[in-house]
Amino acid sequence: MDEKLLKSVEILLNLACSEDIGEGDISTSNLVPPDENKTALFVAKEDGVIAGLPVAEMIFRKLDRNIEWETLVSDGFRVKKGDTIARFSGNYRALLSGERTALNFLQRMSGIATLTSQFVKAVEGTGVKILDTRKTLPGYRLLDKYSIKMGRATNHRIGLYDMVMIKDNHIQVAGGIKNAVEAIRRKIPLSIKIEVETSTLEMVREAIEAGADIIMLDNMNTETIAKAVTLIDKRAKTEASGNVSLQRIREIAETGVDFISVGALTHSVKALDISQRLL
Amino acid sequence: MDEKLLKSVEILLNLACSEDIGEGDISTSNLVPPDENKTALFVAKEDGVIAGLPVAEMIFRKLDRNIEWETLVSDGFRVKKGDTIARFSGNYRALLSGERTALNFLQRMSGIATLTSQFVKAVEGTGVKILDTRKTLPGYRLLDKYSIKMGRATNHRIGLYDMVMIKDNHIQVAGGIKNAVEAIRRKIPLSIKIEVETSTLEMVREAIEAGADIIMLDNMNTETIAKAVTLIDKRAKTEASGNVSLQRIREIAETGVDFISVGALTHSVKALDISQRLL
Amino acid sequence: MDEKLLKSVEILLNLACSEDIGEGDISTSNLVPPDENKTALFVAKEDGVIAGLPVAEMIFRKLDRNIEWETLVSDGFRVKKGDTIARFSGNYRALLSGERTALNFLQRMSGIATLTSQFVKAVEGTGVKILDTRKTLPGYRLLDKYSIKMGRATNHRIGLYDMVMIKDNHIQVAGGIKNAVEAIRRKIPLSIKIEVETSTLEMVREAIEAGADIIMLDNMNTETIAKAVTLIDKRAKTEASGNVSLQRIREIAETGVDFISVGALTHSVKALDISQRLL
Amino acid sequence: MDEKLLKSVEILLNLACSEDIGEGDISTSNLVPPDENKTALFVAKEDGVIAGLPVAEMIFRKLDRNIEWETLVSDGFRVKKGDTIARFSGNYRALLSGERTALNFLQRMSGIATLTSQFVKAVEGTGVKILDTRKTLPGYRLLDKYSIKMGRATNHRIGLYDMVMIKDNHIQVAGGIKNAVEAIRRKIPLSIKIEVETSTLEMVREAIEAGADIIMLDNMNTETIAKAVTLIDKRAKTEASGNVSLQRIREIAETGVDFISVGALTHSVKALDISQRLL
Amino acid sequence: MDEKLLKSVEILLNLACSEDIGEGDISTSNLVPPDENKTALFVAKEDGVIAGLPVAEMIFRKLDRNIEWETLVSDGFRVKKGDTIARFSGNYRALLSGERTALNFLQRMSGIATLTSQFVKAVEGTGVKILDTRKTLPGYRLLDKYSIKMGRATNHRIGLYDMVMIKDNHIQVAGGIKNAVEAIRRKIPLSIKIEVETSTLEMVREAIEAGADIIMLDNMNTETIAKAVTLIDKRAKTEASGNVSLQRIREIAETGVDFISVGALTHSVKALDISQRLL
Amino acid sequence: MDEKLLKSVEILLNLACSEDIGEGDISTSNLVPPDENKTALFVAKEDGVIAGLPVAEMIFRKLDRNIEWETLVSDGFRVKKGDTIARFSGNYRALLSGERTALNFLQRMSGIATLTSQFVKAVEGTGVKILDTRKTLPGYRLLDKYSIKMGRATNHRIGLYDMVMIKDNHIQVAGGIKNAVEAIRRKIPLSIKIEVETSTLEMVREAIEAGADIIMLDNMNTETIAKAVTLIDKRAKTEASGNVSLQRIREIAETGVDFISVGALTHSVKALDISQRLL
């Protein structure tokens, strides 16, 4: 987890603790002695890929700086139903007050990693890389992108700010792909890449001439994707996008595109079932 | 939306904008003229109850202070598939950059309100009030609770801090329900209520004697709930909880309990399908 | 001291240090060597109940992280004139720069605790609980409430936000007590209590019917209080309020009310005389 | 009110509102309509000098940006019992929620101004200036100093940071007054003044030689003060300090000292009685 | 000026005002009436390219929200000695208190723009783009980069975070250019470019094979640069760097490199002479 | 370094790191192992006086909390070309990422100290003290003033807020020097000094009578300065200002003025050449 991600997590953790614990878990803090310790386990209730253990640890550590935390499985690795994922000992109050928030994060993140790993597996051997999209939960962008990486996929741009993506509206306003690319090239630093969204082979041709770094092949059928890849002939990177299901992805991958982006990775998250057990 | 909720929304909006737009939508800000205006609509793609329009407005207003915003349906009201929900005009750049974030909030919140309204309808005429739980998305507690109210249910405690909830672990540590209630009564301000979680009629009896303000009847079958309600005889408020489905809720409501809490309201959110259309 | 109180204290400490020490005690920091240590005592100059030692310690600890701090009397306990209250050793500069601010807090807080303990003693054996009010110094609400607890009284609501208090103006606007209670019940979470302020037996009757959780008997004479208590007959908690002096309080307590609130506890604070002595 | 004072007031106001109103006055906001307006008066219940009206206005303006505020008496001017001090109209909710906090500030500040004006009057015609001290309530330093000015006295240093005050401990550590003054002169900017606290004529002599800007005559009797003034002969400013009562101050003033400092101005504040009346 | 730059400017302005004006210009605020207005001019005392007028305006607007501000020359344009650059009217106090800070920014920024424009002119017609470097004043990175753009050059990466730059140390640790590029490609999002710093033709060859997006030709003589450009043959962008003076730059530009970076643009800033005149 | 300076440095450091490193040095963090350690030296490339080592250390400590830092020369002391200034060991990544920022601060600060020490040396034996001015880089006021002290000069006022400086505009508005001084004396605390800027002997006379604490002799020739010093005759401190070069300063110093202020100390900073060497 890099610094930017950690800051983002820290903000979400603070929100989560502030909204749930606020000025204190008045039931627990008034009834459970401050110095008693307990041990707890996280146990997988179904098969999947784990992501989010550092987040769960951070929650408990906020509540008990001296929590002893042992992970039996690291982020990015598979578990089977019944596997113990982590074992941790610390302040009894902390274990009671932090349980729900910790699980909420861990289950969502592991759900994303699990689904991602299925898409990655589906294109194994083709050399294609799976990309995520901007369809993430507001506030969870970096956390969702981290989970994607734990599922072995590649992150697309982070937001609207770190890469140019020229879409229909932009092309229309600028008066064509070439105009758009040239206009923007003059204004941005050397460090920024330009991707152009295309939906026809004609647009693909224009994008090549304009010198796009990446060309998105949007909502094309497999045959057209294949033609576009041939046409581009390595003069730009290629990304297939739109209506990508686990059923269809292998076929697309075999056209020779460089990347396939999949909105479903973060759009429809099914939490992985995990529980906390006090020993 | 009260001040505390607005602050919470403001934080989530800032996170959402910061992570997606960051230092700017470099494609749009470099290609679309700064002063062009457009009009857009939100249109329902399925039936449901709307919640979150003020949040959507806040996003666009962050991007264009002078957005003209007209809602055709208010939060808490029903729409049919095809209904126009809102019509807004403003800066073209703002409409492009804010679309996804606005829809993400609006669809989730309307999804919660829609499901809640189904539970409320199921107990119509019994006088029972539906309650939410703490099973909300980290960071979204107050927003989820707001959506619950838009679906006409009642908010339970906000978090661990604004009401005492004495559970199994607490009872065990304190040495019985009576000890627990007395110990905590001495330490809290006059303003705080005490609820006791019970799973047997014996515990219910103890809770009455201890002077609990509310008694939770947890995971009891309908017959036991009915007996508990009779036993308590208005000396405390009653809340049924656990395994509450749309199928079973009417039966529980007819036992005469005051409240029924439903975790599913926020736990498994299915977004309501809504789209943005540029005119 | 719970987390919310600590945050409040931290803010006041920062204000106090910032306004007094600002960018540094330029006399002391330029003349006293940085590494010299001294020992100091806090000594009571009159009898009373101590409150505020953790605050005093926090001030010195801000100035010298390694201060050695030993309390001979804990918050909430009595001292006699001449008793040593605390003994602390640390950086000479810190002891000079922090003295006045530390004493200012300690003397005010101990003054409140001392007066409170006199009221508590006056009702001993009646089962009545003494409550504080909102007549606290702006910025000192939580600190004053803490001192009240050190004097063995009970805190009323913390502010306007954590309990409903329906007063004359509200009743008039709502069109009667019953309307007021019902209107508000629909809008607040389950966790919030409702108190109604009454000044006649007629109003008391209305408040009972409306289902108030607590009924305030405001500015009634002792005889009327007694009648109200009988009328209410445990269907709500009762609080006597207004013109409560040390002379009159026992008489009120014997009517059987549950609570008596006393504005004077924080309204007219006479500091307890305490001095710092360098050894 | 200068910018630094305004910032300090802003912080105290935020604390006051946060601790009292918090997330909302739930009684008033749920029962009084949001758009109703009322008019209120502040009325003096005893004679005095007013200070703090801008603070009171700021509180109501926080709650209603459009409050209409008319002062009939300005800060620093006298009122007689029964005089109307201010008349203001605005949101009904705001008038109810802000009343207590506004009065708390206004009464304390006017109390300080009133007492100060009595000391200033007592030395009228002697040319002496009355000074305040650091014995102010933690967090209220600048507000108290403002009230002092409204009573027509002069502010001493603001804190430990804006002027050097060389006291017994410093002199002892430095090995004499001359050493102390020289040591510190080398380290501070040109802008900082140096005052030396003296208790004997011998110390006064040393302080003159050391080139002190101001010499404090601490706890001297009137005769010794007179001798010191003669001895100093305008080579430094002179400040009498210690045991200064309304009875004795004229006698001290007639010795020819430049300044007399009075701890009692802020140390023992008796609030000026003022009430709010809704029309 | 985009949002990120504006934030950066805002921080520097706050620092500048806080350190110079602090709690107030006590001379001006106590002597000049608060409501008097004056008009002032900025006048060029030598020829150059202007940059920083929006910053100067922001300073005066902080001090007087209603300043009337008219620029006769925009950022990025040339002035001759004696030209009036801007004319502004507003609060007399604001004009006095803001003058020095405003000029300090304006003179430095115009100095950078002026020098940059000389380098840009020197390569006119070759198609080469001038780049800046990281040799900017701490805290002034974005402001310096803005001034560079006003001089018609292109910004390189903003910092260490928005583009990969593989240098000697990195190559050594990774075990060669190819290893380095491959290792990093796996870890970064799709949006990030990779530049490799090379000092020999051998390294250039390796960088091409590794698939670098940009190849830096560091401290090479003009002949070697020319050979490298031929070798690369458009398979990557090329940047010449090191010992680039106004004398030598044309020669380098004629080798056909895409970019030349010049540290001196921000490293040795000679302020452009500009003065403020009160009318 | 006192607390106020440290805060100011902290802000600049955060800006510097934020703008250069941002969310991470993506080249180094992805290629250099996280746990490798290295040793580095700072070496002087020319003679001078060092200032800024604590700032450089703070930068590296931000990047590696456990850096081992050994200074061979302290701030305020002279180095010869080739001298090692500091030797430090720590995380390899930290040494790479922090180098440029650290040197940027150190070279500028040492440049100021070096020039200052030349002016101080030029007046040796005359008893005159060298003062700095407000001509510092925005945001660098306190840092520049610190460097001045390291060169053995005295700091003038810090900004517009800590001392009154009555200039032409103020005198004109107030209607004469005497009016100006009297008007301001009534409004400021006892702790504030008043300086009057004069340009003729007539103004000097007025300033003496008005009771100014310091009289600035602005842009006078040496003969007039000498006359002014005689005229003032120790009744106020004297400061010569304007057109002070290393050539002329000795002559001014011999007139007997107390202080000479020199804008050039911070206005035209030539960095001292220092480099970092990895061992």
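Think of it as A, B, C, D, E and F in the order they're written, each chain with its own count starting at 1.
One rule holds for everything that comes next: a contact is a pair of C-beta atoms (placed from the backbone, for glycine too) under 8 Å apart; a residue touches a chain by one contact, two chains touch by 3 or more.
These numbers were taken from a predicted model, which means no experiment stands behind them.
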Query raised in the report: Shared touching chains for subunit B and subunit D?
Result: C, E
**Report entry** Recurring contact interface, reference D-F, options A-B, B-C or B-D [over half identical by residue number]
**Finding:** B-C
Report summary line: Averaging C-alpha coordinates per chain, one finds the centres of subunit D and subunit E separated by a number of Å equal to 50
Query - Approximate Å spacing (C-alpha centroids) for the pair subunit A, subunit D - result: 58
Query raised in the report: In whole angstrom, what separates the CA-based centres of subunit A and subunit E?
Result: 35
Query - Distance from subunit D to subunit C - Cα centre to Cα centre, in angstrom - result: 26
Query raised in the report: For subunit B, what residues touch not just one other chain but two or more?
Result: 23-24, 158, 162-163, 192
Query raised in the report: Taking all chains into account, which pairs touch?
Result: A-B, A-C, A-E, A-F, B-C, B-D, B-E, C-D, C-F, D-E, D-F, E-F
Report summary line: Given the complex, residues on subunit E that touch subunit B span 2-4
Query raised in the report: Which subunit D residues qualify as touching subunit B in the complex?
Result: 23-24, 29
Report task. Note which residues of subunit B are touching subunit A in the complex, please. Result -> 8, 11-13, 15-16, 19-28, 30-33, 96-97, 100-101, 104-105, 108, 134-135, 137-139, 141-142, 158-167, 169-170, 173-174, 180, 183-184, 187-188, 192
Query raised in the report: What residues of subunit A sit close enough to touch subunit E in their complex?
Result: 131, 145, 154-158, 162-163, 189-193, 214, 259
